[in-house]
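Here it is, the structure, as structure tokens.
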Amino acid sequence: MTINNINVIDIIKVMANAIAENKEYLTELDSAIGDADHGINMDRGMQAVLGKLPSVEDKDIGTVLKTVGMTLVSTVGGASGPLYGTAFMRAGQAAAGKMEIDEKDILAIFEAALQGIKERGKAVAGEKTMIDALEPALKSYRDAVDNNIGLAEALNRAVYAAKEGMEYTKNIIATKGRASYLGERSIGHQDPGATSSYLLLQAAARVVNSL
Amino acid sequence: MKKLINDPNTVVEEMMEGIVQAYPQYVRKLEGFNVLVRADAPVSGKVALVSGGGSGHEPAHGGYVGKGMLDGAVAGAVFTSPTPDAIYEAIKAVDGGAGVLLVVKNYTGDVMNFDMAKEMAEMDGIKVDSIVVNDDVAVENSTWTTGRRGIAGTVFVHKIAGAAADKGMALEEVKRVGEKVIANVRSMGMALTPCTVPAAGKPSFTLAENEMEIGIGIHGEPGTHRESVKPADEVADELLNKILVDLPYESGDEVAVMVNGMGGTPLMELYVINRHVASVLKDKGIKVYKTFVGEYMTSLEMQGASITLLKLDDELKGLLDAPSDTIAFKNFGR
Amino acid sequence: MKKLINDPNTVVEEMMEGIVQAYPQYVRKLEGFNVLVRADAPVSGKVALVSGGGSGHEPAHGGYVGKGMLDGAVAGAVFTSPTPDAIYEAIKAVDGGAGVLLVVKNYTGDVMNFDMAKEMAEMDGIKVDSIVVNDDVAVENSTWTTGRRGIAGTVFVHKIAGAAADKGMALEEVKRVGEKVIANVRSMGMALTPCTVPAAGKPSFTLAENEMEIGIGIHGEPGTHRESVKPADEVADELLNKILVDLPYESGDEVAVMVNGMGGTPLMELYVINRHVASVLKDKGIKVYKTFVGEYMTSLEMQGASITLLKLDDELKGLLDAPSDTIAFKNFGR
Amino acid sequence: MTINNINVIDIIKVMANAIAENKEYLTELDSAIGDADHGINMDRGMQAVLGKLPSVEDKDIGTVLKTVGMTLVSTVGGASGPLYGTAFMRAGQAAAGKMEIDEKDILAIFEAALQGIKERGKAVAGEKTMIDALEPALKSYRDAVDNNIGLAEALNRAVYAAKEGMEYTKNIIATKGRASYLGERSIGHQDPGATSSYLLLQAAARVVNSL
């Protein structure tokens, strides 16, 4: 199965809606262990992205993703802006020139995105960040692709793993980002960035499932 | 949420306009960006200082733009670090050919955004370096965490590194002085009440009528722990106890003191705190060279205070006393 | 009541100690009285200015003691005018032989206590005169009432009469200048929240989450009326509408603007207000010569703001621009 | 009937207690139409007076009253400090040198005190101030003395008139003092100064009645 540039634009739109719908929820999560702005930040960024999409409607997937990344970098701010911005910019590099992508392309794109986040944030799994949702998701997705399971199902498995990773963040102490200042007190609270990562992946899977 | 604003979505832009209209003799705004630069920027041949961070910390950082302190201040959304493009524009606007020093508070977001801007400016051939302020002793310093936060001590970095630049020192020297301040400054804060980010519409945490939060940052984050409210002297003791042992500050040392209000605290209470700080330092044989009591690095309408100590040597004393003329920090050189 | 204090009964004394310990280069305290005088008082041959009032208005009035402003500030209990004996001591301590001008805010208590002190000092042969500031347009001016209150406009009187004295003008001249400021200054304030006098332990009035109080004074008194909260621009319009017609301020006039915070309002909000004030004045053809945004005359932790306009002529402009160096009002002469 | 300097000192003590007991009540009244400090102000002053009384224990009534007045002037502040201070200082002048006073002396003392308040405050009856309690009280007392009714009963009548005057302040608009800024809004609230005046008179009557 492949998806084309129009599908990718659809995915971005559904991602923006998912963030808008969960703006308050993400902010509430951030108020428990951060500074109560993650939903606001992400929504500001995704709304700006929506405004940029018409200008890349007929462009290749690489350009679309790079535009999303650059828009996030210049509108989100905070920690999540450079992180998600870098992720989408790297994803765009990995998809440069393509009008269509298949399971394998998406694997490369996903890998590049996560790698970007890790380099920018100098964090690894287990530090109570978005990486705790994304890394297991990527692993599940890679396993599924290696086993030639279809794109839709592979993405569903990635979403499932992201959800588990997101929930796992409740049990651990934050050692990166603002929540790290809380030490032990961060235990029991779900990481907002892991949650937004789960929501973004879920949005992607939904669109692909509906194709 | 009760606020004197029009719209949470435009509050930062409207604030920037309000500042520029009030103080055109000090600052101008870069078109299209929430960036304030010296009215006379760029100052040719002088190392330029750029700082910034989320909004909601007023007078930081726009209030420190002017002679003897910052050349540019970049304002993000409320409590959200600014984006690299805005920081990049600030760097370009203030570079007077001698390079630009970025004064960054140690938050993951700030560090990453300033880093990206630095990379962008360096691609243009501008000499850029950065220092990261991490004065908050509330947070344990450990190599496997993000490290300590930057809070009110940052204002001393602006003042002293700003004076170094104003004296004509080279970028490396200004950076050295800034890092000397960072090495010698420690702070800690507490809150009696939370604050409300306009776009969030409700307080970032809640405290009972008899509770206070110790070890807060400056973004309405909860602190390291919660306690019953105590008399001001005991609160000051609790903050000082962590600060003093950290550097440590010892008998014979000379320090500058800052008692900083978080935004909603009456000045009266800050002075009550300073009274006790002065007496504790006296008892310990630590000499107070100069004191600053007021709102320097705030968290919107939060009620609370932070205490900052900066250990001084002759070089730092001279630069602290050097003239500065900005909206919120004026010094005639005494 | 949540406050960073030790004891409501000693809070004013402790604050005074905290001020003196922080700023010995500016002020010293008269032994046994809550009076701050210039560190170098008396200044021989210069007319001395003494002001004061209840505490809780910080930085007023101690923050305005120093070169180019006040020579002495007398602090009463919180929101309670000081007693004649303390004012009398202040007068004696600052008189440099050229006489003393008392700057009194128009409250029954202040007027009576300053009058009694004046009588006492005159019996000692000290030349004393007084001016009464009544800039608050919220209160109807009528001969059969107490007349208007003095609020934030008082700070312009301190600055400008202080500059006149600093220039060496005689008592009559300093008084003339002070009265010119009073004749040309108008203010009005509002509050989103009340404040709590430490000794009272609870707020002086209550407001629902959607209510604000218009036409407040600076002592936590209720205002002239209550309304639903509105956007900042509309609040500013409401205050400006009463201020502008009162003098009136008209097209072609030049004014100084003060947007004053009541103590608990974030600076961000004051700037949002100033943005609208600037735009309204521009629309009306009134030129803004200089703007001051900050906390100048507060009511403890009250959230709210006041707007002050001062119509300027060349003499007032020159004196407003003259140098001043005090804890809370520094001007390099620009 | 006469009362001596010791009785006067007792009266002052009972006055101080009455103010202390009603400190919160007076402050509450002041918070409705003033600045919420009248009880605090008066109590601070009367406590200081208590501290001064031992030094005038064997002095004449004039000295006692003048000391009370000077102490109030230098400790109360606000509007009530100069007003009550002047009242007691004038009362002291009227009682100068006396170790004992009778109904007529007390009339002269009371008249001097009220005259002092009126001169200092430039106010008249009907402006919602302490004068609205004191003036009717003085009138009742004068009538009683003119009719040769005994001191205790004359004072009781004064207290009764003061109470009525105090209650009457609820119905009128303040035109003097801080409450005048409220205009119409001051209606419905009882004046704190009129209330403290009533309490002081009541304290005096109580002591005399117990003799």
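So that you can tell them apart, the chains are marked A, B, C and D in the order they are listed, and the count of residues begins at 1 in each.
Keep in mind that, in the parts below, a contact is a pair of C-beta atoms (placed from the backbone, for glycine too) under 8 Å apart; a residue touches a chain by one contact, two chains touch by 3 or more.
Model, not experiment: these values are computed from the prediction.
Minimum number of contact steps separating subunit A from subunit C: 2.
With centres taken as mean Cα positions, subunit D sits 75 Å from subunit A. Each chain gets one centre point, the mean of its Cα atoms, and the points for subunit B and subunit C are 29 Å apart. In whole angstrom, the spacing between the mean C-alpha positions of subunit B and subunit D is 54. Taking each chain's centre as the average of its CA atoms, subunit A and subunit B sit 32 Å apart. Shared contact sites, meaning residues of subunit A that touch two or more other chains, are absent.
If the chains shown are joined wherever they touch, the resulting network is a simple chain of contacts running from one end to the other without closing.
Interface of subunit C with subunit B (complex): residues 2-7, 11, 14-19, 21-23, 25, 55-56, 58-59, 63, 192-193, 209, 212, 229, 231-233, 235, 257, 259, 263-275, 278, 288, 291-295, 298, 300-301, 303-305, 325, 328, 330-332, 334.
Of all residues in subunit D, those touching subunit C in their complex are 27, 31-37, 40-41, 44, 73-83, 120-121, 175-178, 180-183, 185.
Residues of subunit C touching subunit D in their complex: 54, 76-86, 107-109, 112-113, 116, 138-140, 144-146, 149, 197, 199-200, 204-205, 217, 219-222, 224-225.
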